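In the two complexes below, chain A is the common chain; its partner is chain B in one and chain C in the other.
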Partner chain A sequence: MQPPQLEWQVAKVTAIRPETPQTKSFTLALPRWMAHQPGQHYDVRLTAPDGYRTERSYSVASEPERAGEIDLTVERIADGEVSSYLHDVLMTGDQLEVRGPVGGYFVWDIALGGPLMLIGGGSGVVPLMAMLRHRAARRSTIPARLLYSSRTQDDVIYKSELEAMARSDRELGIAYTFTRQAPSGWIGYHRRIDSAMLEEVMRPLGADIRTYVCGPTLLVEAVASTLVRMGLPAERIRTERFGPTGN
Partner chain B sequence: MISRGFLGRRRPAEVEKRLPPGQYLVTDFPVLSAGPTPHTPLDRWSFTLEGLVKSPMSWTWEEFRRLPSQTFTVDISCVTKWTKLDTTWIAVSVDTLLKAVQLDPSARYVMAFSDGGYTTNIPLAEMVNGQAFVAYQFGDKDLAPEHGGPARLVVPHLYFWKSAKWVRGLRFMDRDQPGFWESLGYNMHGDPWKEERYSGD
Partner chain C sequence: MMHDDDDMNTALMVDGNAVAGELQQIFGRDMTMAVARCSSCAADSALGALMAFVRGPGVVLRCPACETAIVRIVETASARYIDARGALYMRLEL
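Moving on to the complex of A and B:
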């Protein structure tokens, strides 16, 4: 039996919010909304007046409990054909053609259980945020940790929301690491993610954990290999590459 | 629907006509995988043809490297929207491998299988006559582990998830069956020119 086609739909941009100097979140109202699994993405399609078209995929940042709309958080990529349009041209009230949700492996919901270990680099935090927002919306007490690597404090996406989440939730812990400039007086991690850092952050979760790693290739490759060396079964390590492709 | 204010960034016509619908050009080589990169030592590596064959065939790494190889220059398109032109591989053609076995006449589909448990399905008719190869060099270098080394399948006319990284063999089947991504919402066939990205496309 042929499965139904995932059709393009015309979303309406209802809000645009800058998150960091390089990232913005776009709220899209969908005429044919359906609940996504946290971690899934949507395809975005742009069409020029002469019919020229191009597409990109962006992770959903919002939780599926928010019916009727989704948030996509998009990082501006230097010279990016679509990200620069979304950042510089698209306005509230505009229409945007999308189809989704797509992707069935890099997904987590509370039914899958935990403990949950999320490791993100840069805008790789976006699909992980959908998982955390879903977990919070359902008032889940599944123990969870987020280890989030950014270049500087200004590059931390969802900073105040993450801090509020961690303050109000005893089962959630968030650790930041800065790979370039750390804030003054910072006593936390100030280096790339390594095995000592992973062990410290993961220790309270015990051995039987689910890990999701999303970020630039080098981070994902290094973290996933370290997790394997630490004895985690490969099928408990789900990875997704995210962000500009970069040489 | 016309996207207000979008003009787009066209490439020269000779490049544009090589980009399947919805794809954009990259010059680097993005890495995508669902889990950790496996590292199988070469002395424990083998490549196997099994399933609907008269008797299965298996090569060690040394034996595989002694098989006649060819240079292939092909364009590749990933379902995540990037296309890379003129990639050059040193590889053993699937035609060469098939000379070592006698296929059962009922064999119609292939399941490629890999270290780490990855699988992907391809029609047999789209694996023969120079359409698919098992590559161990990319450009002039050994294929890097994150790109599928020591060896990966390359089926350039289908989306790149069909080009199984860390490939360890081909299983011949009489009926089509979904592999890893095909069980998770991606298309059973995956032709970029027909934009067969997801189930139902």
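Moving on to the complex of A and C:
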């Protein structure tokens, strides 16, 4: 259920954690916390001393089972006025104005069922991570696959946590693809996501799957149209585009 | 839907999800699952799935099938203008 009135609230930054050279996770303690649905986001608003205001929307990375606080993982965008403030200025103990959780379209929880196919590009993995953390927190055995496209290995967000999740969960499979430089000795995918890759990763899940695609707009466009060409019903494909990336 | 000459617009496009907060503050409920019927091509789309252009002075939500502007929202210092003439109707589940 959504609250009747969605209002801005002042969160306190309780932790900042670098994830990759370009991304950081911010833990925010919320005075008026409410459980989000994995995939939902929060708007962050900055107000300058002269009254100039700007806001951006960031996906929640954490699972709703963690009460009282949320994690937002934010990628630094080259000319991004909000992301560069969050990366360069914001410190633990600071306050931050947020509004959320919002969005009912790009959401999944275990009640919706599966099998679950998650496809992420770059920081598009963030809302998918909320889904996987929720699934893990509930010890769900819904079969799930994550296909995660990054430029290089250094750009993989949540790397150790994803590997630990995949090791301890027989129903979860994670496939990586690197679009620029693959690690030395890498025998996995080393190209943009294409239909052959999607077919290989999705095959074990069968035909009746729920698919969530999140990433840069051009990746989402390409993947979503490929999925439709592969015969997946459009209503089973949920997409979230987040515009241009860091470079 | 994609043309060579609008790569930049496509790259800057997000979806209706990105304005979920603004819509919810206006309407008092989640609107991303509300369905709009396009006045031009009659396609039904959840607002969360519309093409959203948010880097301008206001917000423009376009039909993913025919690109007609479904909703435009502009905020001034004293008021908010909502032009939804691109929708024949919106359907909100009770």
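Here, the second predicted complex is superposed on the first by the 240 of 247 C-alpha atoms of A that agree within 3 Å, B and C clash if a C-alpha of one lies under 4 Å from a C-alpha of the other, contacts with A are read in each partner's own complex, and residues count from 1 in each chain.
The working rule: contacts are C-beta pairs under 8 Å (C-beta built on N, C-alpha and C of every residue); 3 or more make two chains touch, one makes a residue touch a chain.
As the structure is a computational prediction, the values presented were derived from the model and not from experiment.
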Practice task
With everything superposed onto chain A, say whether chain B and chain C fit together or clash.
Solution key: clash
Exercise for the section: Could you look at A:49 and tell me whether it touches chain B, chain C, both or neither (first, second, both, neither)? Expected result: first
Practice task
Mind working out whether A:103 is in touch with chain B, chain C, both or neither, as first, second, both or neither?
Solution key: both
Handout entry: Contacts of A:239 with chain B and chain C, given as first, second, both or neither
Key = both
Exercise for the section: Applying the touch criterion given at the start, work out whether A:81 contacts chain B, chain C, both or neither, answering first, second, both or neither. Expected result: first
Practice task
Identify the partner contact of A:92: answer first if only chain B is touched, second if only chain C is, both if each is, neither if none is.
Solution key: neither
Problem - chain B versus chain C as contact partner of A:141, first or second or both or neither - result: neither
Practice task
May I ask you to decide whether A:14 touches chain B, chain C, both, or neither, giving the answer as first, second, both or neither?
Solution key: neither
Practice task
In the overlay, answer first, second, both or neither for which of chain B and chain C A:224 touches.
Solution key: first
Handout entry: When the two complexes are fitted on chain A, the stretch of chain B hitting chain C, from 8-16, 62-70, 80-88 or 98-106
Key = 80-88
Exercise for the section: Could you pull out which residues of chain A sit against chain B in one structure and against chain C in the other? Expected result: 2, 4-6, 43, 55, 57, 102-106, 217, 221, 239-241
Fill in the blank from the handout: Residue set of chain A touching chain C in the complex reads 2, 4-6, 41-43, 55, 57, 99-100, 102-106, 216-218, 221, 239-244
Practice task
Please give the residue numbers of chain A that touch chain B in the complex, ascending.
Solution key: 2-6, 10, 43, 45-49, 52-57, 81, 85, 89-90, 94-97, 102-106, 217, 220-221, 224-225, 227-228, 234-235, 237-241, 245-247
Fill in the blank from the handout: Per the touch rule, the chain B residues reaching chain A in their complex are 1-10, 21-24, 26-28, 30-38, 80-82, 116-117, 146, 180-181, 183-185, 197-201
Fill in the blank from the handout: Note: in the complex, chain C contacts chain A through residues 1-2, 10-22, 24-25, 28-30, 32-33, 46-49, 55
